[in-house]
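Here the chain labels run A, B, C, D, E, F, G and H in written order, and each chain numbers its own residues starting at 1.
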Amino acid sequence: MGKIKVAVLVGSDSDLAMAQETVKVLEELGIEHTLNVASAHRTPEKVKKIVKDSEANGAEVFIAGAGMSAALPGVVAAETIKPVIGIPFEGKAFGGLDALLSVIQMPPGIPVGSVAVGKAGALNAAIYAALILAVKHPEIRKKVEVYRKKLSASVEQKDKKLQDIGIKKYIEENRR
Amino acid sequence: MGKIKVAVLVGSDSDLAMAQETVKVLEELGIEHTLNVASAHRTPEKVKKIVKDSEANGAEVFIAGAGMSAALPGVVAAETIKPVIGIPFEGKAFGGLDALLSVIQMPPGIPVGSVAVGKAGALNAAIYAALILAVKHPEIRKKVEVYRKKLSASVEQKDKKLQDIGIKKYIEENRR
Amino acid sequence: MGKIKVAVLVGSDSDLAMAQETVKVLEELGIEHTLNVASAHRTPEKVKKIVKDSEANGAEVFIAGAGMSAALPGVVAAETIKPVIGIPFEGKAFGGLDALLSVIQMPPGIPVGSVAVGKAGALNAAIYAALILAVKHPEIRKKVEVYRKKLSASVEQKDKKLQDIGIKKYIEENRR
Amino acid sequence: MGKIKVAVLVGSDSDLAMAQETVKVLEELGIEHTLNVASAHRTPEKVKKIVKDSEANGAEVFIAGAGMSAALPGVVAAETIKPVIGIPFEGKAFGGLDALLSVIQMPPGIPVGSVAVGKAGALNAAIYAALILAVKHPEIRKKVEVYRKKLSASVEQKDKKLQDIGIKKYIEENRR
Amino acid sequence: MGKIKVAVLVGSDSDLAMAQETVKVLEELGIEHTLNVASAHRTPEKVKKIVKDSEANGAEVFIAGAGMSAALPGVVAAETIKPVIGIPFEGKAFGGLDALLSVIQMPPGIPVGSVAVGKAGALNAAIYAALILAVKHPEIRKKVEVYRKKLSASVEQKDKKLQDIGIKKYIEENRR
Amino acid sequence: MGKIKVAVLVGSDSDLAMAQETVKVLEELGIEHTLNVASAHRTPEKVKKIVKDSEANGAEVFIAGAGMSAALPGVVAAETIKPVIGIPFEGKAFGGLDALLSVIQMPPGIPVGSVAVGKAGALNAAIYAALILAVKHPEIRKKVEVYRKKLSASVEQKDKKLQDIGIKKYIEENRR
Amino acid sequence: MGKIKVAVLVGSDSDLAMAQETVKVLEELGIEHTLNVASAHRTPEKVKKIVKDSEANGAEVFIAGAGMSAALPGVVAAETIKPVIGIPFEGKAFGGLDALLSVIQMPPGIPVGSVAVGKAGALNAAIYAALILAVKHPEIRKKVEVYRKKLSASVEQKDKKLQDIGIKKYIEENRR
Amino acid sequence: MGKIKVAVLVGSDSDLAMAQETVKVLEELGIEHTLNVASAHRTPEKVKKIVKDSEANGAEVFIAGAGMSAALPGVVAAETIKPVIGIPFEGKAFGGLDALLSVIQMPPGIPVGSVAVGKAGALNAAIYAALILAVKHPEIRKKVEVYRKKLSASVEQKDKKLQDIGIKKYIEENRR
């Protein structure tokens, strides 16, 4: 395993579709990372080992996503002093409120920085990791600046297109 | 430390007032127990050690209470195959919903049996531990039977008093 | 009816798909059990009779699952001093919050141990019953130990596979 | 015990302050009633007996109030075909949402008619009982008509007073 | 228009599928009724007229169902002293919580008796109307008694079938 | 009664302390107004009369505040085509969620513009009324512009003071 | 760009299907308007520019719709003293509660008038804009009066059709 | 103004008591910082200026806390590519759920890392800022390591004290 900057963990392989959103952005920004499935409740020792191994491999930020009683981000945060970004995943019964409250309501002294529930959060966890790394690494700062400019430009272009072709055509084209 | 049947853990010393409800009932039922403050996030190794030590001392049931992102019951459940009873404690922001969802929404394979939020739950955790122990220990079954009869009798007596003195006097007397 | 260790009750035959999750695990662990449909509101006498008959047949643990105003677990708990495990089933209007609060918010003295809402809870109710029985029955303890090891191993294998084939292939394979 | 028209039950003597709101209105409307403390979970047989005795004494409507996992109204409804009015009482952890969902989410075939949470509900349960009785009893219909006219008049008088003395004085006077 | 006992109102024609559940049970119990679409916000005068006309035609109970800011039951209750049964209909954004709180949280003096959210409530509103009418009309009481017996019997038969054919076959048969 | 621009209605005299927040701002901005207590459920005819009278007196905007099943704003909106601003007042059981959903979830065609729950909403209802009136009345626009400048300036001054005296002194001074 | 009366903004092009509901009603009422996609978080300067340009083009009312952490309506309100109507859009995780609370809970001094969540709100935002404009513009008042009469008539016709053909046929016809 | 590493902003001076929790920890860890009151809605230009000035002064992390429709963290995040930590403050009506959802549900591309609601979050925001800075600054990493050891030791000491003096004395001593 080569050097990494970000270690991504999810609590179940059913979370991998969400994790893909995170991984895609990390790749887009050229940030070395690992991705593991490990459960705070079913494989607590494995979680601990991944945290230690990741640190040994250079990990400066952790991203941990889980659903339901989403203990994984907090358990990772208990094992490291690197910043941990938590992603609460949606579930059937509570729409993600269970995971959100489990991730965010950490006790004094052991924070997790939580992003939005579900897909937007999975994507934003990668961006937030990049923002943290950008504090230290100028080359990541540059990539983030480019990303943000593209993001703004994309909204502007969508609005321009809307002004050009009108709402009906816009919606029709997006449907296809 | 002598032999115990129940190990009680709470995540913070601010939970001890609640834990007292649990301890009182365990004492009333003559069930040997220990009580520890240990945090899933601040002292994860300590939690693990308490679970192992408690098992070595004979613990057959665990009771774990915590507030906010209440990871403690789940973390205990990850370390033992003894039944774990979780108590979600109330907090200021969400009235205990955060703790409840954190305690109850355990993933497949690692259950926690949760009781009610707050004081009623703290009391009931002790009763539920007794019900579990009563499956094996006839002397605890007897104590539980007596407890339940007293409980019913107490409600009946309250109703009898209400019929005797009427609602106004009843409320007045209780106020004092 | 032969000897049983666990009696499972659900409030409606529309809950049977969920109950199957419970029954499958009980069978896998070789725990003798019965399964009945009985409603706390529509057939209160039947519920009582099932509880008494189950106890006569040796039931040491009850599992009761219901949706909406899920009174069944509490009503069973009122009729026995065996531990009752409640499963709150999801509904359309409140995603299971109605059932969860009905199951968990039991008054002092008559606890129900609630597991997660829905499918995870249905599976975990069986595991939790096994953990309770394992306190008394060494042969069940052994089965539970095996189950837990398999569970951890399964997560480890999933992670291994992920490391081997990568996230894209993993997701593709799972989709099929 | 003389003839009654309404039987009021609450699940705990801590609910009596609320029940007093109900009882006051029943007295004001001259409706014969009884009031009992009986718990669906702690004294299920007693609940059943009260329902049968109340019916024998002429009860045409039941009012049942409870907090937390408020099973009492549903359990009463399971034992009678008289209309049951449920009052969900407020609790500390969920502000009455637990009781409300427990009372209202009854399964098909066994309805409970629920009124508002807490004090407003306790008062309105008595009014609603009167409205039901008024369908049959002309003398109660007359009392209800008078009650409603007084109610409207009281709001009108408050507005008149507000126009007369202005908001500042009004608030000052109410504070005293 | 002939004599009726129950007047059913819904706030929108999109609620008619739900209203059909109500109407079916009223028909099954032989209770004369009317059904109208009228909106508390879009046709307030029409609502008032329907209430007055219904009373003139003999209506002894009102059933009013609405979704979102479900003002209809309360507005009907403001115009009559007959008992009003409210049905909160589910909506997309809040799963029926908006309608439930709008229906149930009536101010002191003007109660609505609310039943469950959605389909179960629509059915139960008809039963509850029958229970109210049964206080006065012996022939409806008899029909309700028959209904309740059938209801219990149906649950018992389902359980018998489950015991006979087992859970797998039961689920398979229901799927068809 | 002289000419007015805004008619304020609240559902109960217990809402007057909140209404005072609204009235104070209207006075500060020199906007003529009336204030009435009238209940959508207890005095529906009075509400209608106040709406008609207010329109006759020149009212161009309505403000209606209510708690619980807060039907008042919607009922006013049903009687006028002037814009109605709704204020959801807090209650004990649901912290204002009941009133908020009742006020905001209006059906297609009859909107209410809702402001924040409670005190902030009571104040903002007056500002929002002024913003609406400012579309037409230049003298109100000027007053609103002054108000907004003062508002910004006040925040700036607070920050300046904070920079000058530091957080400890600031908090101490505010406590007095 | 010609003169407009209403400027509509949405935070993302995925909100355009909802915005179409708003635009349709504005067109039906003959109210000149613009529609832009602009994000409070991704293009804050653009939002500001649209507000200034819209005011220069005569905009008297703003409509701003957004989902999730729906900051757009508040950010627009911070840049103008024209009334801003907020539409909270539904999201996957919280059904629109996140957007609703973000839109409605504005601080003292900077109100947004919020309409219902989702499609009903999108339609009602246009109506509410028309009601505000009608305070000043007699020709819009006339259009609104016609709209409201049609709305009432439409409900009346639906009820008439229901009386004519009965509920079964009505539901069948609507299904087609 | 000297060089800083963290810029703290709160939306209102009523949030300063909470901000003090943040500031205390930053001071304890020797991290240079500023603290400003600035409102996303009342002083949007000021917020922007503070962000730019803070960056010019060396700020590497922003902490922004707000209540109600807590737009401040998101608005800061829109103006910088430094990581922004959001603190949702509690409010009366929704216990902080409004602020939490406003802070956390950021759209794709512009993340905020949110910590717990209220006091625990205010404290943890400072810790999380330190964890982020520790990625780059070895001297902060050392301070964080010391902080974490003290934190664990403090929990261990509390447990030791509990074992020594027992629960009754412990609670008594804490009460004083």
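One rule holds for everything that comes next: a contact is a pair of C-beta atoms (placed from the backbone, for glycine too) under 8 Å apart; a residue touches a chain by one contact, two chains touch by 3 or more.
Remember, it's a predicted structure, so these values are computed and weren't measured experimentally.
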Q | Chains in simultaneous contact with subunit G and subunit H | A | A, F
Q. What is the shortest path, in steps, from subunit A to subunit H when you may only step between chains that touch?
A. 1
(Q) Please tell me whether D-F or F-G has the greater number of C-beta pairs in contact. (A) F-G
**Q.** Mean-CA-position distance for subunit G and subunit D (Å)
**A.** 41
Q | Euclidean distance of C-alpha centroids - subunit E vs subunit F, Å | A | 36
Q) Quick one: subunit A and subunit G, Cα centre-to-centre, how many Å? A) 33
Q: Enumerate the residues of subunit E that touch no fewer than two other chains.
A: 12, 39, 42, 68-69, 93-95, 97, 100, 104-107, 109-110, 116-117, 120, 151
(Q) Following the definition at the start, I'd like every touching pair of chains, please. (A) A-B, A-C, A-G, A-H, B-C, B-D, B-H, C-D, C-E, D-E, D-F, E-F, E-G, F-G, F-H, G-H
**Q.** In the complex with subunit C, residue positions of subunit D that touch it
**A.** 11-12, 39-42, 44, 68-69, 71, 74-75, 77-79, 91, 93-94, 97-99, 101-107, 109-110
Q: Using the touch rule from the top, collect the residues of subunit B that touch subunit H in their complex.
A: 12-13, 16-17, 19-20, 23, 35-39, 42-43, 46, 68-69, 92-95
**Q.** subunit G contact footprint on subunit F (complex, rising order)
**A.** 60-61, 81-83, 85, 100, 104-117, 119-120, 123-125, 127-128, 131-136, 141, 144-145, 147-148, 151
(Q) Please output the residues of subunit F touching subunit H within their complex, sorted ascending. (A) 90, 95-97, 100, 116-120, 151-152, 155-156, 158-159, 162-163, 167-168, 170-171, 174
